[in-house]
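Some structures are shown below for you to check.
In the two complexes that follow, chain A is the common piece, with chain B as its partner first and chain C second.
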Partner chain A sequence: MATSPSTERRTAAGLLWTPFAALIKLIDLPMRAVQRLIGERRMAYVFLLPNLLFFSLFVFVPLIVNVVFSVTGGAALFPSERPFVGTGQYAYLFDCGSFLDPNSCREDHFWRGVANTARFTLFQVVAMVLFSLVTAVVLNMRIKARGFFRAVYFFPVLLSPVVVALTWKWILQRDGLLNAGITALGGERILFFVDPSWAMFWAVFVSIWAHMGFYTLILLAGLQAIPADLYEAAEMDATPRWRAFWCITLPLLWPNMVVVIVLALIKGVQTFDEVFVLTGGGPGTATLMVVQYIYETAFSNQVQNFGLAAAASVVLGVVLFTLTLAQLAASRRKDA
Partner chain B sequence: MSRASQLMLARRKAGRWHWTDIAAYTYLAFGVVLMFGPVAWLVLSSFKTQAGLLEFPPSLLPMSQQEVMVPGNPQPLPLFEVTMEDGSKRVLAQVRRIGIQAQMVDPKDPTQQFRVPIDKRVPVRQFKLATENYTEPLERFAFTRFLSNSVFVTVVATLITLLINSMAAYALSIYEFRGKNTAMLMVIGTLMIPITIILVPVYLVITHLGLVNSLWAVILPGAATPTGVFLLRQYMLTLPRDLIEAARMDKASEWQIYWRIVMPLAMPALAVLAIFSIMWRWNEFLWPLAVLTKTESYTLQIGLNAFQGELQTQWHYLLAMTVVTLLPVALVFVFLQRFITTGIANTGMK
Partner chain C sequence: MAQLTLSGITKSFGTTTVIHGVDLKVEDGEFVVFVGPSGCGKSTLLRIIAGLEEVTSGMIAIDGEDVSRLPASERGLAMVFQSYALYPHMSVYKNMAFALENMGLKTPDIDQRVRRAATMLRLTDYLDRKPKALSGGQRQRVAIGRAIVRDPKIFLFDEPLSNLDAELRVATRKELAGLHAELGGTMIYVTHDQVEAMTLADRIVVLQGGRIEQIGTPLDLYNAPDNLFVAGFIGSPRMNLLPARISGPGTVAVGEDGQVVETGIVAPLKPGATVTLGIRPEHIALAKNGEAGLTMTIDLVERLGGESYLYGSAPGLPQITVRLDGQTSHGRGDSVTIRLPIAHQHVFNEAGKAMGRQ
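What follows is the complex of A and B.
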């Protein structure tokens, strides 16, 4: 291979390129040596190595170590210093009078987290599917400036959860824009983050606001894949639009809907950042989610209880694994 | 105006307006307000002074009280419009406030002094951007530190992500080798394991590596990403094999083929992954929150969160810092929106 022409050019870019090209050449030397040693085909392993090393170190090993943490106790971080407690952490976590009443549980915060997360996920998934479906259908109509409107609904997806939460916190605070609107209409100011129901409502609302664009995009792709001649035929037969929607759109869009539902479930169960910044889990524990419980148990409480946090994350992992299997099954049906 | 409305009302296909069209445009208009409104309000508010932010009901635009220098006073004095006892109105500067009375002076003629009940005066206000909200945090807080930490994490992590994921994608798309299916399965497997369920053990690994509170603790765990591998692999599968065979004939080493031939050709896919990675890293929250405990190693997101949790939230600084945090993502969106949406449509991931 001859040297790239840009290395010879005396431009600013060329000056930057020269050391870079030299570096790549430098990597090429040991790579060539390895290639001579193991042959061309086996170079695949060399190329795979860094990635799999990262995956092992930060995903697979932790997955196993997580289980080790969950069956040991004490406050030490290093597993060798942690006494074995068997299923003690799980027994503690599941020590409940009734699973439907967090107050009857020994670790009531965990169960409050479970109850809140379940409630949050239920409302969020239903509303998310509904709104992203309506938005996708509207965006798929013969409208002007479709690109602009699609961007409008999509852009919050890119915002960081902290920015999203602070933006809404500023609007919803006591002297915020929304309360100004309410008093202008003759109402009383509402302290949204003091009332448990309102706090939960806004947690759901804000996370729909932030993520709806993503699901809309998936549904829009599904809508655009529906052959237009089906609708033309329906129009020929003077089929009302709602019937066309019911008999053509919904059945053909169903596989994408399933993907949206399962993805929203998986994300919903893991909800943390927006809600954490928006409400801090409050008032009290009204919007405390499972992931926040895990984070606080392991990292931010006075006593760091790694074992209990690990046991809770194993439970969360099992739930997620089940949901992911559902997703795979759903997407397989879609491909078939 | 009529042209604009003509353009708006024109139908692509000749036909009467259906009620669903009207409903659709109403919905879209409502959407514009609901989606853009909050961010617009954030940006407008970030230019208000501390006093301006405390106003209720809030003014739409950043307004602040006009001030004027009056001879005999070292400080500029705030201007008010005062309703005098005879019902006339005058613009006066306030020297000081004593209980419910204010001592005022005519700025044009400082010898004329008045005592006015405070409910008879209204501040004279003008449009003014409180740019100090943006400049002061740069000097007073660790804000520049957070900013440079975030930039470092984003840039370095994205470079590492591009390198190791493209290498893996190259191996999984160009070669046939024993264990290829196992490797693919491992990559797919990682898709199912988000950081939320392995927080504690990853923290242990980072502690073993001696990286707690270092920015590398944030960079390394997410560097290998299954999304990245798939995205690149799918693209590399479409590249012509003849090109690679020809290069081998010319005695190019495998590394040279990867770097000189496959990487330049995979540029579109690399660009999509780069954009994704920049967004992931810039916005990352839970893991940095767990692993960074010292203020000097905070990223912007963690810094913002810590700042908003303080007892007396200084909203005027917080809002400005939020806007700064939002800015790079906004720029990426404006210029590269098409890349992102096609990327999501192709992979079904974000």
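What follows is the complex of A and C.
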């Protein structure tokens, strides 16, 4: 007997559904038992439990292990084999003649990392907010191919930081694309990764290029949330454009700006992969960031100092925690 | 205060024309209301006058000066928006002072103007508050205050009461009428609510499909609607519009059973021609014993205390609404005969145009 196409589709769907139905039944039985035991209200925790277990395993446990490492010494990997040193690692990190002069510190690399990260973050955040704001304002205007440009600016966000850094390295290295262009125009090659100022400049530039799309998106959403009739009212009030931007756009966009600033700050403090692949922290220690210091101290130096790296991680963690609290506060104020 | 002239105003969005050659003259100090159903183009016309929409063709003149190509900021008009459009981060004072700062006025002048408007609108106690801390009616008053302080040539109102509840709408409507009397400014007001239009306007402009259907005083429109649309739109409850045929000299037959109703048509229509007989609910009376009229069965009675509404039906006719003074004893299912006084009848030809009376 011939079967109709719709019957075949039903059969195929049935075949696919059968194992799912069996699986659901299999889960259903013990879940019913658990629900009877603990009550319907507490079932939410049962559903949260699997993820919580994974989260604990990969976040909470390493966090605790890290703190344990930071108060122990030696080169052993297992905490039980590591001697307790108390706040010794922290005291070593903070042993400085002047915190403004890394050379006066016992662990000068850490403080160079701190200084570089601070400088990187400062320039990156200021430039990022400015460029993102200008881009968002332009992309919010009625320009041709607006959708295309919005996609173009967001596209780098989708790329892996390593891919971004490698791409720019090919462009900026001694025999890279940029120098080829400069020499073709009769100029002299510039050794971007040899000059400390150029290296920091490009580290900041590449970071902005890679992440600006994300912050632009946040600001664009903020701009689009400003009711159009406010601008019409401003137009009726004979408000010059610059004043409308200064007195209407900026204040109403400020909650989004705060979110962008804090997120960019957090991202800046965490910077590692892009700069590491692009400059390797060089020349010398000119672009060495805190996270790179932690990585090298723990894993790539000849003497692997897990304790010191863990202590530096805790210090960085405190800074990030503070910034995250600021971000949460800013988000709450934005939603209020 | 100023006079406004619209000549052949047309507005198209792409291939769609939404305003079709509107001509209108608004006199100095006049309160004109644009009224019509949603999508009739009344707000678009207001925005064209404001300069927030470009005109496709035609001319807008204020006091004789062509402002068609001037931006909104240079037309010297003020607009009160449906959404109020108050700057949410600024205080009431700052909202009202903002335009004056743009004009470059000195602080004492700004302060004097803002406080005068605030006193007029009973906003003095709220000057330091942000808009979110105000009620809908107070926000509306701030929006009006923002317009008043500028001393504009013309006030434009885009459905300013539509976000208010019924009670507040009535109160604010009265305030607006008082304000017009006090300021004496030229005001153009857009609404879809014909009660607002009737109560506020010196003249009403009825719009439909981007065209003016009729311009006139509220009572002109009520007493002598030019066409079926205006007849149905102006008046609440709406006019009863009964399909009919000319049955003889001065008479029409209505409904399936061809009940003959006397009317005062003078237009030369042949017997059998289709017309529409219009009469307002308040002009219908119940026939006394033996009086001729139209028979209908009551479907619903609404007793409001001071007045009652009968909703009835007759074969082949749409629902007929009758307004009676006082508290009627009639009930659902009763059969009543209604009189349609000739003096209050409106007769429209097949094209929907009003026909003359004897």
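Simple rule for what comes next: the second predicted complex is superposed on the first by the 287 of 336 C-alpha atoms of A that agree within 3 Å, B and C clash if a C-alpha of one lies under 4 Å from a C-alpha of the other, contacts with A are read in each partner's own complex, and residues count from 1 in each chain.
Methods note: a residue touches a chain if its C-beta (ideal position, glycine included) is under 8 Å from a C-beta of that chain, and two chains touch if they have at least 3 such contacts.
None of the values given here were measured: they were computed from a predicted structure.
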Kindly say whether there is room for both chain B and chain C on chain A in the superposition, answering fit or clash. fit
Touched partner set for A:Leu230, first chain B, second chain C, both or neither: second
Have a look at where A:Thr239 lands relative to chain B and chain C in the superposition and call it first, second, both or neither. second
After lining up the shared chain so the two structures overlap, which partner does A:Arg142 touch, if you call chain B first and chain C second: first, second, both or neither? first
Is A:Leu252 in contact with chain B, with chain C, with both, or with neither (first, second, both, neither)? second
In the superposed model, which partner reaches more residues of chain A, chain B or chain C? B
Of the two partner chains, chain B (first) and chain C (second), which one does A:Phe120 touch, if any: first, second, both, or neither? neither
Once the structures are superposed on A, label A:Trp168 by its partner contacts, choosing first (chain B), second (chain C), both or neither. first
Could you say whether A:Tyr92 touches chain B, chain C, both of them, or neither, answering first, second, both or neither? neither
Classify the contacts of A:Gly317 with the two partner chains as first (chain B alone), second (chain C alone), both, or neither. first
Closest Cα approach, chain C to chain B, once both complexes are overlaid on chain A (Å): 6
Chain A-touching residues of chain C, taken from the complex the two chains share: 50-52, 71-74, 77-79, 81, 83, 85-89, 98-99, 102-103, 146, 150
Looking at the complex, which residues from chain B come into contact with chain A? 7-8, 10-13, 18, 20-21, 24-25, 27-28, 31-32, 34-36, 38-39, 41-42, 45, 54-58, 163-165, 167-168, 170-172, 174-177, 180, 183, 186-187, 189-194, 196-205, 207, 220-224, 229, 248, 250, 252-256, 258-260, 279, 282-283, 285-286, 289-290, 301, 304-305, 308-309, 315, 318-319, 322, 325-326, 329-330, 332-333, 337, 340-341, 344-345, 348, 350
Interface residues, chain A side, partner chain B - complex: 1, 24, 27-28, 31-32, 35, 40-48, 50-52, 54-55, 57-66, 68-69, 77-79, 134-135, 138, 141-144, 149-163, 166-171, 175-177, 179-180, 183-184, 209, 214, 217-218, 221, 241, 259, 263, 270, 272-273, 277, 280, 291, 294-295, 298-299, 306, 309-310, 313-314, 316-317, 320-321, 324
List of chain A residues in touch with chain C within their complex: 227, 229-230, 232-240, 243, 247-248, 251-252
